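Some structures to go through are shown next.
Consider the two complexes below, in which subunit A is the common component and subunit B and subunit C are the respective partners.
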Partner chain A sequence: MLFRRIYQFLIVYIIGILLLLMIKTGLSLSDYVIPGVALIVETAGEVTKEYFFDVLNTLSVAVLGQALSIALAFTIGIAGRKSSWVGSFIKVTAYNIQAYPIVALAPIIFILLGDGFITRLLIASMICYFPLLLSVLGIMATPVEDIEHFYNVTGRMRWQLEVKIRAFENLSKLTTVISGSATLAMAGTIVGEFIAANAGIGYSIRIALYQSDLAKILVALFMIGIIISIYQGFLETIGEQIKTKWSISNGGEVL
Partner chain B sequence: MRKSIFSILFFLLVFVFAAQSFAKASQVNYRLKWLFNTSVAGDIYADAKGYFKDAGLKVTVKEGSPEKNAINELELRYADFGVASADQVIRALDKGAEIFVIAQLFQVNPMQWIYRRDKPEIKTLQDLRGRNIGITFGGNDETIMNTLFAKADITKKDVIITGVRFDFTPFFKRKVDVWPVYRNSQGVILKDRLAREGEDVYFFNPADFGVNFVANSVITSQAMLKKSPDIVEKFLNALLKGWEAAMDPANEAHTLEVVKKLDKGNKDVIRKKQLNATRSLIKPSASVKIGTINMEAWKQTEEMMLKEKQIKKPVNITTRLIQIK
Partner chain C sequence: MRLECNNLNFTYPGSRIAVINNLSFSMKNPGFNSLFGPSGVGKTSLAKMIANSNFKSNSDIVTEEIDTILYSYNLERLPGWSSTGKHLNKVTSPENQSLKEQLIEIFELNDVLDSRFSKLSMGQQNRMNLIRYLMQDFDLLIMDESLANVDEKLRETIILAIKELFSDKMFLYISHNLMEVSKFCSQILVFGKSPEKKECFVIEGQDCKKGYLLDKKLLDMTMLEIMNAF
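Coming up: the complex of A and B.
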């Protein structure tokens, strides 16, 4: 799982670089517009260490933002799973708010909170929260009739049990959604860093943009891609392990 | 019969190609560095008053922005002329770009620092010690300030450096004392806003302390200079005529009128103040001809960038500066 993610990223990255080099050669562009391989390698030698720690910095904020979003999405998703007026209200509100481009609020957050950690965290959480919430709401609001029916007719159904059944039956979907939201959290953090930060890889990319230094940006993209692939692979592996642990064939302890 | 059809087709093709190349030769794209406002008044004026048309050119003046880069567009052939700052030009030359500077628009760099009058005036560079100074990391203000620090033997421990962006809140909240601004655009707006709060400001101009970092200049590609020197000359003459007219106080009303059509974001009173500020940077005295390339300032800019490791090797900038008469 982990290695497949990295291979996939490397293939996409190399194809992208080759396309850029083809354009560079075809249009006889200087290294200022599109850097050559030598310049990319030279730049990588200069900034890899710095960018590695920048990406880790960004990732730490993204992971925290994602954890907050997951906790909040599950809380709201579980509360909104019922077909009562509260549930309907939560669902309608979530669907309407998610239609708004949250990233447009980033400058307001920046003005109110200034630059720094909290602003980055908030923007990251907001960007990955709504897609997560909609998926969790969808999963939690859909009954697993085959299993739930038994507990309903025997009067043994509790809300905790209902949530567990629905989560277990949709574990693959949840793992995919959570793993996907890691990319969103990372993108959100980088956007936050573009606008309102003094640290992280988004901030370093912005500085490189000021200097029109595409070689630095390409190195930054490589570092982001590799580290996010490892993180996503890690999440997917954990998802698989939880699935195996919860599996009925292993004793069905979960219920 | 077949022969005559081929002959007609051949002549038609020749005619179409000839017409196309003629049309292309007289049609040029000009990419500005910044948004349409009074800091590009001369460019707007030359276009609006038909100076390009009179020179036989069809010029499309394109608005700039932080994301748009005239040098990239010259190489990609989206633009024939552009405006770029000296640091952009020198960086591009360091990476092998084939570009030339054909006019220097700003004689005084608009990149300056604003600070409140209730703080002691910065009369010498030593007065920077202990202040909280805003710097755009990666921007040319960082290079300029580092040069000033080096000149005054000021280390990073002697001052507080704060990274800044477009939002002025930290300056308004007094978290940062000395804030980088473009003197003729943001500087005017900030000064006006603070004046309404009963506060007055000073501007700290690095040029007053011997640091002349060149700002915006007109650039073109080597290919354009080689293939169409006549177009380069016509374009530049029309452009500089536009700038001279726009900066002439006698034409102030006309200039503000043409700028207003494109710059809707500012009030009339601000635009007027911005125009006055721009005038003093573009044409600091009546004897200065707009477009004059200050060779010494360019050399100093290159030295600063080399010292700051912004470029890897000398680019011999003077070989890329062409003062067209």
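Coming up: the complex of A and C.
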């Protein structure tokens, strides 16, 4: 799982670099516009260590923001799973807010809170929260009729059991959604750092942008890609382990 | 104990064809009764209506001494996070534990209590599902093809055991097995085939109990009567 993610990223990254080099060669562009391989390697040697810690800094905010989003999405998703007016209200609100590009609200947060950690965290959380909420709502609001019927007709159904049944039946979907939201959280944090931060890889990319240094940006993209691949692979592995443990520890077999 | 339908009608929303058209019948006393007929004539719809408390509130469906109605069907599943034995324990009250053990023995499920539900064969799944319903408090249990995919010999053993162990309860057994229904059921509500000429008849079955001596002539007559009622 982990290595597959890294391979996939490396393939995409190498294809991207090759395309840039083809454009550079085809249009006879200078190293100032598109750097050559030698310059990219030289820049990597200079900034890799710094960017590595910058990406870790960004990732820490993204992870925190994602954790917040997951907790909030599950709380609201579970509360809104019923077809009561509260549930309908939550669903309609979530669908409507989802339709709006949340990233456009980032400047408001910057104006209200200034730059720094909280702003990055909030933007990261907001960007990955709504897609997560919609998925959790969709899963939690859909009855697993062939399992739930018995508990409903015998009066044994409790909300905890209902949530457990629906989560268990959709464990693969939930794992995919959560690992997918890691990318959104990372994107949200980087966007936050572009406009409102004094640390993180987004901030470093902004500086490289002002310097028109594409080599630095390419190195930053490489670091982001590798680290987010490792993080996503890690989340997927945890998801697989939860699935396996959930069945084995209860006298079952591997799913 | 009485279950009665008076001029019951039902049409699914958006459909123009009535699934149940002016249906009236009465079934009395505890025992094994059946809903019989070809697919799509409204057996399951009727069963769901009987089990639905909203329908009991009007006069179309009348029950006497039947407070709790449970509806079970053959595609139900048990949750997959623990073994079937653990699930059964959870839904069985302490006073029913020995009955549960007895049923597990009769239903031949001892060997699969440590397995998860998805690892069971379809017949085992249906038997496991039926046991958990039998462990509940009920007056009328509707068994909608609850013994599908179970071999004939074991099905007979199970039906006879249920009739013996739950002699004070009423059962509505939905099955497509003409011989089985004729042999073991007391009253059989036979649904007509064509939706336009849909007429239903209640036919007396042989109601065989444990240790029965079958009169083949009578069984043939019941089966013929059912076939003619289609």
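As a working rule, the second predicted complex is superposed on the first by the 248 of 255 C-alpha atoms of A that agree within 3 Å, B and C clash if a C-alpha of one lies under 4 Å from a C-alpha of the other, contacts with A are read in each partner's own complex, and residues count from 1 in each chain.
The criterion applied here is as follows: a contact is a pair of C-beta atoms (placed from the backbone, for glycine too) under 8 Å apart; a residue touches a chain by one contact, two chains touch by 3 or more.
Quick caveat, the model's predicted, so the values are computed rather than measured.
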| item | value |
| --- | --- |
| Touching partner for A:K243 - first (subunit B), second (subunit C), both, neither | neither |
| Subunit B versus subunit C as contact partner of A:K82, first or second or both or neither | neither |
| Partner chain(s) touched by A:A208 [first = subunit B, second = subunit C, both, neither] | first |
| Touched partner set for A:K164, first subunit B, second subunit C, both or neither | second |
| Which of subunit B and subunit C A:I147 touches, first, second, both or neither | second |
| Partner chain(s) touched by A:D115 [first = subunit B, second = subunit C, both, neither] | first |
| Partner subunit C, residues of subunit A touching it in the complex | 146-147, 149-150, 153-154, 156, 164-165, 168-169, 246-247, 250-253, 255 |
| Interfacial residue positions of subunit B with respect to subunit A in the complex | 67, 69, 71-72, 75-77, 88, 91-92, 94-98, 136-139, 163, 165, 167, 169-170, 310 |
| Subunit A-touching residues of subunit C, taken from the complex the two chains share | 51, 70-73, 75-83, 85-86, 91, 114-116, 119, 129, 132-133, 136 |
| Of all residues in subunit A, those that touch subunit B in their complex | 27, 29-33, 35, 39, 107, 110-111, 114-115, 195-196, 198, 206-213 |
